[in-house]
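Same chain, two partners: chain A is paired with chain B first, then with chain C.
Let's turn to the complex of A and B:
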C-alpha cells in the first residue's frame, strides 16, 4: 500500500508503470480486492437513500424498492454481495494472522481465531435476520 | 505536528474499524436491502421499518453501519489511485477521498436526524 518513506520533505516512489499490477496474478487479485471497495461504497450510499426514503413515507419507500427491482440493480447487488463476502472472508483470514490471542501464556492457534470470527459473523447475521423478520 | 508524526494512523484506524464493521455487518444487509426485499423474498412493512429507524439505538447502529465503512472504502480508493501512478497528486487524492468520506458522514448524520 504505502511506499517506503524517505527522510525529509518528500516521499520516495520507485518508477512504475500504471499497469504494474498486471504483471503477476497475485498483484491482479490485490487490485481486484481493492476495487471491490467501490461497489461497497455505492451500496452504502443506496442504503442511506433507502433510510431517507423510509423517513419520507410509504409511497417514497415503495417507489425506491420498485426501482431496485430493475435487473441492473439486482445484478449490481449480486456482484456487491459477492464482493462483500469476499471482503469478510479475506478480512477474517488476515485477522487470524495479525491478531495474536493469548490465553495465559499460550497463544491461541490462528486457525481457531479465524474460526471464532466466522462463528461470530454467522451468529450476528442470523440474529439480524431473525430480529428483523421473525419479529415483524 | 512534530517531525516524523503524521495523521496517517488516524485514517488507518478508521480504515481498520470500518473494515471490521463491513466484514461483520454488510453481507446480511446487502442481501436483505439489495435483494431479498426488492425481489419480495421477505416482507418487511414500511410501518415496522419506520418504527425501527426512529429509535435512537437503531440510528446509532445505522451510523456505525454506513459511516464507518465509508472510511474503509475511500482509504482503499486513495491507495488504488496512488498505486496506478497518481503519486504526484498525493495531497489532492487524500483531500478528495477523505473529503468524500467526511461528506458521507455528514449526509448520514443529516438523514438520521431528519427521521
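Let's turn to the complex of A and C:
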C-alpha cells in the first residue's frame, strides 16, 4: 500500500447498525449497566425532593410519603434497588484489575482486592443498619 | 470419495466495481485440524484466486489475519472449523475499519494513533552503549509485561463500539501500549504521553464496555490498562490543581 490514494479510491466505509448493542451479550450487559444510571438519577431527584419537603414541614413530608406508597413508585424503587445492586456488584468485580495494590514488591491478587471491596461494603452497610435500628 | 464440507460465506468487495460488499459462498473441505485461514487459503488456491486477505505467521503471533468470524473479531489462524461446525461460517472484514478489498481493511487510522502515543522507550539522556545494558528486576518486568504482549491485531478496535461510533477515539491497543511504556522502568517519557491520553479522545472516550479485553487473543486486557490510565490521569489532574508548581517525571 505505497501508492497515494486518489479521491474515490473505492474504500468502503461500513456503517454501524443502530441495534449494534444487540449483537453480543457483552454489549447488552453494558447497555443494561448504563441504563441503571437513569433509575439511580430519578431516585436521587426523589431523594432531593424529600429533603426539600422535610424542610417545608411535617405535613408536606407526610403528603409526599403517602404519594410514594403508590404501587407504581414501590415497583420503581424495587427496580432501582435491583439496578443499584447490579451496578455495585459489577463495579466491585471490575476493581480487581483496575486498583493495583502493591505490598512491597508484590501485587495483591485481584481476587483479594475484589473481596476486600465486598467485605467493606457489607461492613459499612451493617454498621449503618445497626445505627439506624439503635436510634429508633 | 466425497469429503465432508463446510460452507464459508465470505465478504467480497472490489473497489471501483462494487458499490458495496456482497457475500459469496464457498464449500470447503471440513478437516478437524483446519482453521478458517486454512479454508481461505484453500479457496484462494483451488477455487477463486482473486480472494484477497492478509495473513502471515498462521500461529497467532503476527496479528495479520484478524477478521470477523460469525460477527466476532478473531484471528482466523486461531479459529478452528470444528468450533463452528456445521456452519455456515460468515467471514467478513474487521469491523469499524474502511474496507480496501474483500477482507482487507485500511490500517492507516490505527497506525497514526499508535505513533501518536510514542510507543518506544524515551530517555531524557540516552544511555551510551559503552555503559552497558539496562537492568530490570523481575518485579519491574512484571509491572508491564502483560501489556507488552500486544500484537497490534486490532481485534480490540473491531470489538469496541465506542471506536465504531466515535472514530476519533485513540482506542484500546494504543492506550494499552502507552500504558506499557509508562510502566517500563527504563522509560522517562510519561510527560509526553500524558497529554495524548488525557485528551477527550484519549482514555476519557472509553465507557468501559470491556469487549476489547474479551476478544484480545494475547490476554493484554486493554480495558484494565485504560481504566488504570484514567485513575492515573485523574490523580495527575488533582495534583496539578493542588501543586501547580510541581513537575512530573
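Everything that follows uses one rule, which is that the second predicted complex is superposed on the first by the 121 of 136 C-alpha atoms of A that agree within 3 Å, B and C clash if a C-alpha of one lies under 4 Å from a C-alpha of the other, contacts with A are read in each partner's own complex, and residues count from 1 in each chain.
As a convention for this text, a residue touches a chain if its C-beta (ideal position, glycine included) is under 8 Å from a C-beta of that chain, and two chains touch if they have at least 3 such contacts.
This is a predicted model, so every value here is computed, not measured.
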item	value
First, second, both or neither for A:24, with chain B first and chain C second	second
Chain B versus chain C as contact partner of A:16, first or second or both or neither	both
Partner chain(s) touched by A:97 [first = chain B, second = chain C, both, neither]	second
Contacts of A:32 with chain B and chain C, given as first, second, both or neither	neither
First, second, both or neither for A:105, with chain B first and chain C second	second
Touched chain A residues, chain B compared with chain C	B
Partner chain in contact with A:79 - chain B first, chain C second, else both or neither	neither
Chain C-contacting residues of chain A that also contact chain B	1, 11, 13, 16, 20-21, 34
Chain A partner contacts - residues on chain C that touch it in the complex	13, 15-16, 18, 20-21, 71-72, 95-100, 106, 139, 142, 161, 164-165, 207-211, 214, 221, 224, 227-228, 231
Chain B-facing residues of chain A, complex	1-3, 11, 13, 16-21, 31, 34-35, 37-38, 40-41, 43-48, 50-52, 54-55, 57-58, 61-62, 65-66, 68-69, 73-74, 76-78, 80-81, 84-85, 87-88, 91-92, 120-121, 124-125, 128-129, 132-133, 136
Chain A - residues contacting chain C, complex	1, 9-14, 16, 20-21, 23-24, 26-27, 30, 34, 94, 97-100, 105-107
Residue ranges of chain B in contact with chain A within the complex	8, 19-20, 22-35, 37-39, 42-50, 53, 62, 65-66, 69-70, 72-74, 76-77, 79-80, 83-85, 87, 90, 104, 107-108, 111-112, 114-115
